[in-house]
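Two complexes follow with chain A in common, the first pairing it with chain B and the second with chain C.
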Partner chain A sequence: MNLRIEATGNVTYVAPVGRLDFDAAPGFQEALERLLGGAGERSAAVIIDGTALEYVSSAGLRAFLLAARAAQRSGIAFALCALQPAVREVFELSGFSRIIPVHTDRASALAQTPPGRA
Partner chain B sequence: MDHPPVSPRARAARASLTLPVVLTPVLRWANTVRAKVRGVAQSLVEGRGPYARAFENLIVALVIFSIASIGVESIPGLPQWATRALYVAEIVVVAIFTFEYLLRLVAARNKFGFIFSYQGLVDLLAIAPFYVLGVDARWLRALRLLRLLRVLKLQTHFLETVVEERTRELAEKNAALEKAQAQLKAELEVARALQLAILPASFPARSGCEAAARMIPATTMGGDFYDYIELPDGQVGLVIADVSGHGVPAAFFMAVARTNLHELALHHIDPGECLAQTNDALCAQNPLDLFVTVFYCVLDPKSGVLRYANGGHNPPYIRRAAGTVETLRGAGGLVLGAMPGGRYPTHTVQLVRGDRLVLFTDGVTEAFNPAEELYGAQRLADEVHVHGGGTPAALVERICQSVTNFAGTAPQSDDITLTVLTWGAP
Partner chain C sequence: MTTRCTAVPADAAQLTVLMRSLQEFAIAVALDASQARSFELALEEIFMNIVMHGSRPGIAPRVEVSLHRDAESVTMIVEDDGPQFDPLSLPPPDVTASLADRKVGGLGVFLVRKMMDSVSYARIAGRNQLRMSKRFDG
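== the complex of A and B ==
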């Protein structure tokens, strides 16, 4: 899967394109860990834009869980926005929407994401 | 004595009659000898026996000696006897090389092929200067230089040996690799058999309950599981679960999750409490950060009361005896193993006789076809609605068929697991 990464100010938007399944999860996880890890320049917030994210499997959910934990450790705000209905349902059914904030679009995600302490 | 006159023509005719008679055994003998000589030559220059090895070593030793002697000859003020000795040695060496060349020529099936092969040319170059330039002292210097070409002769010998050795090493490594792979595959097969053995093979019929289940793993080892638990007070517990990912790590986590849940279910009759306890147990032993979605329900076969709790799993369907399909909604909790201390509310639903409970994992609804379309919840609900009237085993089979037909040639990306339970004869 492809990732479109844009950094604007101290917020980084990550837009995954396509299906986040068992095969795509490790690459996605690695990319998020780079953004949320301790080394290098960091943003205050990382927001996942789900506009082009078509599908998330359980292995994909695990990548989000690990990213949320890494963000917590690094003090970076982590949120999701603009999820397609099917993907949003996966987040709601699995209970993940309770541990990772889900917003309707980038604007509301930005407004409601308190900048981290990075 | 007068001899009758014999015309030259008649004499020739007689000769042509007698010659083959005399020559045939000679030719036959010559043929036998030729075959024998060729056999001996082949065994010497192409064979693998001790004589062939000795001959090979002799040639290599002579090449090294002859190259070394070039150096020795160039030492100024060499005594007369030494020069003579080296000269005699050179003649012997060339004689043996010539013998070797002839042997190879005799042994070769394709004579021209040998003569114009790399080794054939090098072997010829190693001896030809001696014959062409003779022993004429004026040409000795040139001869010496040309003898340096024997280095090439050495190279052809070692090249052959090295190539042979590498080929053999490669074959050995391949064999070892194939063996290791076969062993790994055999071990995975055993692990898969063990994993499938964890799943209940059959559901005991009890007070009008009847159930059937099936799991089709996406890889050799799956992360899905189902379980049927006979609880102390006559109630029955039914579990369906899906571990994140698949393969060996998911299979291990599945075994741990299933064992924990099965044990805790015997002590915590409330489904929500059972999931909360299982979640805490899993969070305490989860080095790979895996998690599992679990739907757990407890049916009282006497009353038809079904109590359930959901840890992030797809809500199951209830097919009512009348044929309508309902989704078992009701707030659930987070997937198990992700975060300790989670709460899992218990919900209650009353079954009527003839109702069917259909539990499934997302491998069913998220099966893709070659056009990358999802099987989807609607197709599943339709199958349950139309074909849910028969036995649980028939419905399980029907849905598996439907998903397999839909997916066609598209590879199966996730485990497919289904459990169907009926309560009471309709």
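== the complex of A and C ==
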């Protein structure tokens, strides 16, 4: 799976392209953990833009869960936006939309995401 | 009625073969995108469960997936000749747990049950059989 990563000021947008299945999930998780933890320059907020994310299975949800925990540990705000309907359904049914904020688009994600302390 | 059947060994790399077959079936019977996605998710979750839990050392079960469409619904049947295992016996995950307490185990099967209109398990002639149906709203 390809990721488009775009840093604007102290916010980083990550746009996964394609299918987040069992095969793609480990690489996605690793990329997010690089942005959310460890050394180096960090953003105050990481926002996942789901415009081009077509599919998420439970393996993909696991990657999001671990990323959200890494963000919490690092004091980085973490949110999702612009999910396609099928992906939003997976987040709602699994209850993940209650533990990770989901916004309609980048603008509302930005407005409602208080920057973390990183 | 349209039917399609594909069999593969329970090896993660084979999921793409099953997925391709499902996608061709979805086009052939004009499933809408959202229904097709539900079946794709069910196929990944159930097949990966068999890959992870159904194999004994050196022996991968054989997995057979059949898809049917009739006037009212689409049905997917996943059968394997691995050890007896009823995925529906897994306890449901706590979907209200906090970020810190949230677990991912059992989430795949939970999603399948939510997305399908009916899911049933049977052990028949030494094979696990999981039958999943969704009404056709087209």
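Keep in mind that, in the parts below, the second predicted complex is superposed on the first by the 118 of 118 C-alpha atoms of A that agree within 3 Å, B and C clash if a C-alpha of one lies under 4 Å from a C-alpha of the other, contacts with A are read in each partner's own complex, and residues count from 1 in each chain.
The criterion applied here is as follows: a residue touches a chain if its C-beta (ideal position, glycine included) is under 8 Å from a C-beta of that chain, and two chains touch if they have at least 3 such contacts.
All values derive from a computational prediction rather than experimental measurement.
In this overlay on chain A, chain B clashes with chain C. When the two complexes are overlaid on their common chain A, residue A:95 makes contact with chain B and with chain C alike. Of the two partner chains placed by the overlay, chain B and chain C both lie in contact with A:55.
By the touch criterion defined above, A:25 reaches chain B but does not reach chain C.
Applying the stated contact rule after C-alpha superposition, one finds that A:44 touches neither chain B nor chain C. When both complexes are overlaid on chain A, the residue A:3 reaches neither chain B nor chain C.
Judged by the touch definition given at the top, the superposed model places A:72 against chain C, while chain B stays out of reach.
After overlaying the two complexes on the shared chain, residue contacts for A:85 are found with chain C alone; chain B is out of touch. Listed for chain B are the stretches 43-51, 151-159 or 403-411, of which 403-411 clashes with chain C, judged after superposition on chain A. Applying the stated touch rule to the two superposed structures, the overlap between the chain B and chain C interfaces on chain A comprises residues 21-22, 55, 57-59, 61-62, 65, 69, 86, 93-95, 98-99. Taken together, the chain B residues at the contact with chain A in this complex read 223, 242-246, 289-291, 293, 311-315, 332-335, 338-339, 342, 362, 366, 374, 413-414.
For chain A in complex with chain C, the residues that touch the partner chain are 21-23, 55, 57-59, 61-62, 65, 68-69, 72, 85-86, 89-90, 93-95, 98-100. Per the touch definition, chain A reaches chain B in the complex via residues 21-22, 25, 55, 57-59, 61-62, 65-66, 69, 86, 93-96, 98-99. Per the touch definition, chain C reaches chain A in the complex via residues 12, 15, 33-34, 37-38, 40-41, 44-45, 48, 93, 95-100, 102, 104, 107-108, 110-111, 114-115.
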